[in-house]
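Structures for review follow.
Shared between the two complexes below is chain A, which has chain B as its partner in the first and chain C in the second.
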Partner chain A sequence: MSTPSVPGDRAGSPSGRRAWWPGRAGHGFVAPYAVLLIAFGVVPTGYAIDFAFTDAAGHFAGLANFTTVAGDFRFAAAGAHVALYLLFWLASLVVLVVGLALLLHNLAARGVGTALRFLYYIPGALAGAASVMVWLFMLDPTVSPAGFLLRTFGLDTFGQVIAPGHLPLVLTGIAFWTGAGGWIVVMHGALNNISPDLLEAARIDGAGRWQIARHIQIPLLRKWIVYMVILAFAVGAQLFVEPQLLSQASNGVAGRDYSLNQLSYDFAFQNDDLGAAAALSVGLLLVSLVVAVLFVVKSGFFDAE
Partner chain B sequence: MTKQTRAVGARRSGKDRRGVLLVALSAVFALSVVAGCDRGGETSGAPGRGFHQAPQSDGALTVWVDSTRLAAAKLYRQSHPSAKLNIVTYDGDANGSNYLQTKVSLFNRTRKGWPDVVFSTQNNETSWAVQAGFTAPLNTGLIPQATLAGWARGANDPCVVNGTLYCLRNDLAQTVLWYNAALMRKWGYPVPATWEDYEALGKKVATGHTGYLVGSAGDNFTPEIYMWASKCGANQITGPKAVTVNTTSPNCTRMAALLDTLVKNKTMSKSSVFSSDFDKNEASRILMLPGPAWFGGALFQGTFKTPKGQITAAPMPHWSADSTPTAGNVGGGTWLLSAHSAHLKAATDFLTWVTTSDDYQGKVAPGYPAYAPAAKTWLANQASSHYYENDISGTLQAAAGQVWPGWGYGQFSQEAIWAATVIPGMTAGKAMVSLLPAWQKAIVNYARADGYQVKVGQ
Partner chain C sequence: MPNDTRRPATLVHGVPTRRSATRGRPPRADHRRMPRRVPDPVRALVLAAFLLFFVIPVLWLVLAATKTDEQLVHGDPLAFGSWGALRRNWDALTAYQNDAILLWLRNSALYSFLALVITLGVTIPAGYALAMTEFRGRRTLLVATLVVMLMPNATLVVPLFLEVNAVHLVGSMWSVVLPYSFYPFGAYLTYIYFSTALPRELLAAAKLDGCSEFGAFRRIALPLAAPIVALVGFFSFVANWTNYFLPYVLLPESGQFPVQVGLGTLLSNVPQFNPTAGTLAVHRPELALATLLAITPVLVLFLFSQRFLVTGMLAGASKG
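Let's look at the complex of A and B:
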């Protein structure tokens, strides 16, 4: 809330010293975002940290809320679910997004690229929850347009499709379909940034398509891939909408207490334990931050080119 | 929703500007201080066990109802032109949405905003609302004992905590055996009085009339129809925060074995009676269907559109070892009065009218009224519609007093537990008898997570 005044104060500082302050426009553009970031990102985080270390009466509780979470019977299962989901989702994201972006880049020369790029992006243009709703229809063999496909796998009812063992695959499918399109477009843009001279030189040296991809394009995409993995990890660890909607659609048969974020939600609104809910979300934030730092350091993400 | 979460998460990890960080940290600090103060203030006014009346004043009465009960509030406004009523519709806490609990805990934080009277579709609201200091005791002076005596026996049991009444039951949902009288007569089958006869008839139907159903076990409330009626001790709430759980006693296994037999010979459906699959393929092939009182109007008449003059109800079967039938119960809502209300007299008037009046409960309400005199009017109205093959009044009335009292109302949802632990196993073709230990384990876990003292066995 004090941010907008920061550039203002500086701009209003003794005149004459500098008639035109070079960063002013940039700060002006960033200011509204910073306000929103603080109001809806940072302050709630601070609120959560405060809750995580206090009991219901507002007294300092040490790590009691964290031990409550760790001792809850749903915690280990939810952690395992999220870990398995992250494995499936990150692997599919890295392999398929990079693969499809390279394919798209190769096809771009032939004119079909634009259409394909648009096609990849469409699902991403739907709002998150809405695209999950689409999947709920896709997964019900009685109404799904792909029902014949489900039936070939021996899945005749919605209940069979959403059997507990199928959930990591089902959720990865939903997340990939709704989220990967945007990343393919981003990777495609990054590939376009690679100088054609470089590729030309490689070709003259006798490199094939595979070798160009393996030794030139993918190494140059590395930072983009790291960026994608960091963000996808944070999003994946916060898995909530997909299992929650699945749980509602199946009347609680599948997806209840499935992810850590759902457990946090249950702590807050079913067990009336805001402290434990906050402790769990703070823990999730820490894990995401540690993973992000690890990736940034290991990959030299901020090193100058 | 996901998009926004993603964007925020994205930017948070990319934060690298020291200035922004500094501002952010100071904001966090300021906020933590404010938050700390807030809660410090709240503890000083900690809710006691007694009932401290708020200073009374005139003003509009705030009433929260679900869309079905909106008719009741509107009718009250019509018949009481001088009453000032502020009607708010909400989801009625249906399907365990916990909306009311969430809101009340927020109001407790801000010390204002509570509704005066609330309708909930759930019977277990007192399990948290008493502790949260939200519900006012009703039998300690607010509502005369003579009025309270009018409720059906046991109807207000879900509302009693430590001997004090904290809510009023809106309607009953006692289970009965619905059946197609026309078909039973045509095939010459007598209505089964015992579960043994019921099972035998199921076996006969499986071979003689393939495709016809004697029941459905695919809903989340399946345990409330079959296990409850069989006196299975899965949910014996023995105190405000105490429960005894035993799902492997003979009372449970006998019913699970019966369901297994009938599921296996396909006379017991595994689909929810509300699923499109059931409506399309199975609704026209129902011979019998054990279920709550509201199945008659809501399912047969409303959803399945079964023609007039076919369906009727018999008492739930009982085990031959037991002498009388015991019924289960599936739902039936409750009314709560806020202990924070500044208009207690008006609120009590409304509450009494909405639960006992013939004008609403007897003539308009969709469910079987919990208040016995209103139930008489309601039953007479049902009989005059001539939808059922014969008069079902006697059956419903008798069943209202036969609901087994050993099944309580805890804070954890038995329906949600059944859905997540037993139904996936049934879908995978496992026998229900083999799923009973897992069911017990889940109940114990969820009860403990809600702070219950859990006793296993007996």
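Let's look at the complex of A and C:
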């Protein structure tokens, strides 16, 4: 009775190999997922590529859309903004997350460490628009609980705080506030996987806390740090909601066309230039893909077999 | 897969970071690792400073909802306002476009919930099949999943708009729900889970006893899948609830906004941020209250499922 459905079994059922449709059951299980993957992963990608090489009249346009984007006065600026933001954001993640995770992990009172980790983690619940709302208030000297700090730096109005030159810092602060706690938890888990015997041995050999961190813990965290940097890069390059809301809040003074995704959005919906919007998306996709593939290949993180 | 021996235990018990009994060390060992019990002041200072940085804004937000705009500017930033003010803020907020905030919350719940159901229905079997069965195209599908997973979906928003526009679905709630339902990270987590937590011999034995392939999935794999269902469900729900870009582009009508996009609308009606705001002015405490409402479901989930979260983040990170 059961034989027709067995063939998908890798564990080697006796009659499996020569059925009329090997892997039928497996295909049944993955079919709906594959449909979604095609509809919302593959097709939009193909669509973007198609649009990127087509002009408004539907003819093949070569690289015209790409040169339009590259020649647009906003493009170089947006690219520079995103690059600068990424630099700040990734640097703060690596230094502060690893540092805080080590500090928390070495804490003698374990209950305090657990509580702090959880409290650091809570802003993660405010991802997206909510975090921007909160920080609009935090950065407005008139209502902020840290208003005295802002005024110490000579920033008396909201407009001064979100001056364009400050945006990389502001955006890094928001992203760090929402995202760092989660990564601290990850790093903590990774630190727990380091054998206590190893640390004990180092200590007996006379290594101080700093030397242990520098020569044992951080090298053993390397894989997780790479993972964090790659994912944070991928997310950071897609910056949209934060500058978009900032620009709404400042009446377009700060944050308009600040990031590449905003520019793509404006090409599509303000300039009615779908080709250029698609070309920009394709460029962004290409960058993320290269990073993703490099990661999969180089890190060995996802070696399935 | 050097970590394999560790993973099943961590996922099944949902306590990933604890140095488990397999190490064979008494818990005391944790304390012996610490040469110095006295916290040194610099470290305590750093940890306290970051505690303020992470917690004060959340605390402020909660308190801001209980104040008048006047108190917000002139009062102590971290003082409680009054219940009466909270009540008035609530009335003013719900008066905005006749309960628009409630409609947006309902929309968010509807989209996230529908997407959650589809995600689980689609992703769990797919992850199971990727891990436990052999079929043509398995490796391709796995690689595609990994690549798409690392490719943030924001890049695909404008192309998705073009696609959805071509089939005239812009403005339909499915234009958001279906893309939400595609959740490669969930498929990947499920794949990891089954390939480490479910012994193949168990499935083989079930099939020898006459269980069909689907029967084996339903009777053996699914009952064991509770932790991964919760995990994928949590991540998918949070990701969808907090998504902004996709609905912002695909659902142009105010009546269809999820609450995240609604917050943006409220924001542009706050005179202090946007001097051109018209007659529908929204005051800052109302905006704070709206933000608080918007994050409540996720915050509650966070508070009650920290263990799951930790497990999931590690599952994503510790595969190696």
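Keep this in mind: the second predicted complex is superposed on the first by the 242 of 305 C-alpha atoms of A that agree within 3 Å, B and C clash if a C-alpha of one lies under 4 Å from a C-alpha of the other, contacts with A are read in each partner's own complex, and residues count from 1 in each chain.
We adopt the following convention: a contact is a pair of C-beta atoms (placed from the backbone, for glycine too) under 8 Å apart; a residue touches a chain by one contact, two chains touch by 3 or more.
Note that the structure is predicted; figures quoted are calculated from it, not measured.
S.K.: Just to be sure I read the superposition right, which of the two partners does A:288 touch: chain B = first, chain C = second, or both, or neither?
M.R.: Both partners, chain B and chain C.
S.K.: Once the shared chain is lined up, is A:160 touching chain B (first), chain C (second), both, or neither of them?
M.R.: A:160 sits against chain B, while chain C stays out of touch.
S.K.: Name the chain, either chain B or chain C, that contacts more residues of chain A.
M.R.: Comparing touch counts on chain A for chain B and chain C gives C.
S.K.: Taking the superposition on A as described, I'd like to know which of chain B and chain C A:145 touches: first, second, both or neither.
M.R.: second
S.K.: Under the stated touch criterion, which partner chain does A:230 make contact with: chain B (first), chain C (second), both, or neither?
M.R.: both
S.K.: So in the superposed three-chain picture, is A:238 touching just chain B, just chain C, both, or none of them (first/second/both/neither)?
M.R.: After superposing on A, A:238 lies in contact with both chain B and chain C.
S.K.: Quick check on the superposed pair: does A:45 touch chain B, chain C, both, or neither? Answer first, second, both or neither.
M.R.: A:45 contacts both chain B and chain C.
S.K.: Look at A:215 in the shared chain and tell me whether it touches chain B only, chain C only, both, or neither; answer first, second, both or neither.
M.R.: Neither chain B nor chain C is touched by A:215.
S.K.: Once chain A of both complexes is superposed, is A:34 in touch with chain B (first), chain C (second), both, or neither?
M.R.: Both partners.
S.K.: Hey, what residues of chain A end up touching chain B and chain C alike?
M.R.: Shared contact residues on chain A: 1-2, 6, 34, 37, 40-43, 45, 47, 51, 127-129, 142-143, 230-231, 234-235, 238, 240-241, 250-251, 269, 288-289, 292, 302.
S.K.: Okay, in this complex, where on chain A does chain B touch?
M.R.: Those residues of chain A that touch chain B are 1-3, 6, 34, 37-38, 40-43, 45-47, 49-51, 54, 57-58, 72-74, 127-129, 142-143, 157, 159-160, 163-164, 178-179, 230-231, 234-235, 238, 240-241, 250-254, 256-257, 269-272, 288-289, 292, 302.
S.K.: Going by the contact rule at the top, pick out the chain C residues touching chain A in the complex.
M.R.: 1, 6, 16-19, 23, 25, 29-37, 39, 43, 46-47, 50-51, 53-58, 60-61, 64, 72-73, 77-78, 121-123, 125-126, 128-130, 132-138, 141-148, 150-152, 154-163, 166, 178-179, 181-182, 184, 187, 195, 200-201, 203-204, 207-208, 210-214, 217, 238, 242-245, 248-249, 260-261, 263-264, 267-268, 270, 272-276, 284, 287-288, 291, 294-295, 298-299, 301-302, 306, 309-310, 313-314, 317-320
S.K.: How about chain A: which of its residues touch chain C in the complex?
M.R.: So the residues of chain A touching chain C come out as 1-2, 5-6, 8-13, 22-30, 32-34, 36-37, 39-45, 47-48, 51, 100, 103-104, 106-110, 116, 118-130, 133-138, 140, 142-147, 158, 177, 180-182, 185-186, 188-190, 192-193, 195-196, 199-200, 203, 223-224, 227-228, 230-231, 234-235, 237-238, 240-241, 244-245, 248-251, 261, 264-265, 268-269, 274, 277-278, 281, 284-285, 288-289, 291-293, 295-296, 300-304.
S.K.: Would you mind writing out the residues of chain B in touch with chain A in their complex?
M.R.: Interface residues on the chain B side: 1-3, 5-6, 8-13, 16, 19-20, 23-24, 26-29, 31-32, 35-36, 38-40, 42-43, 95, 98, 101-102, 105, 128, 132, 220, 271-272, 276-277, 415-416, 419-420, 423-424, 427-428, 445, 448-451.
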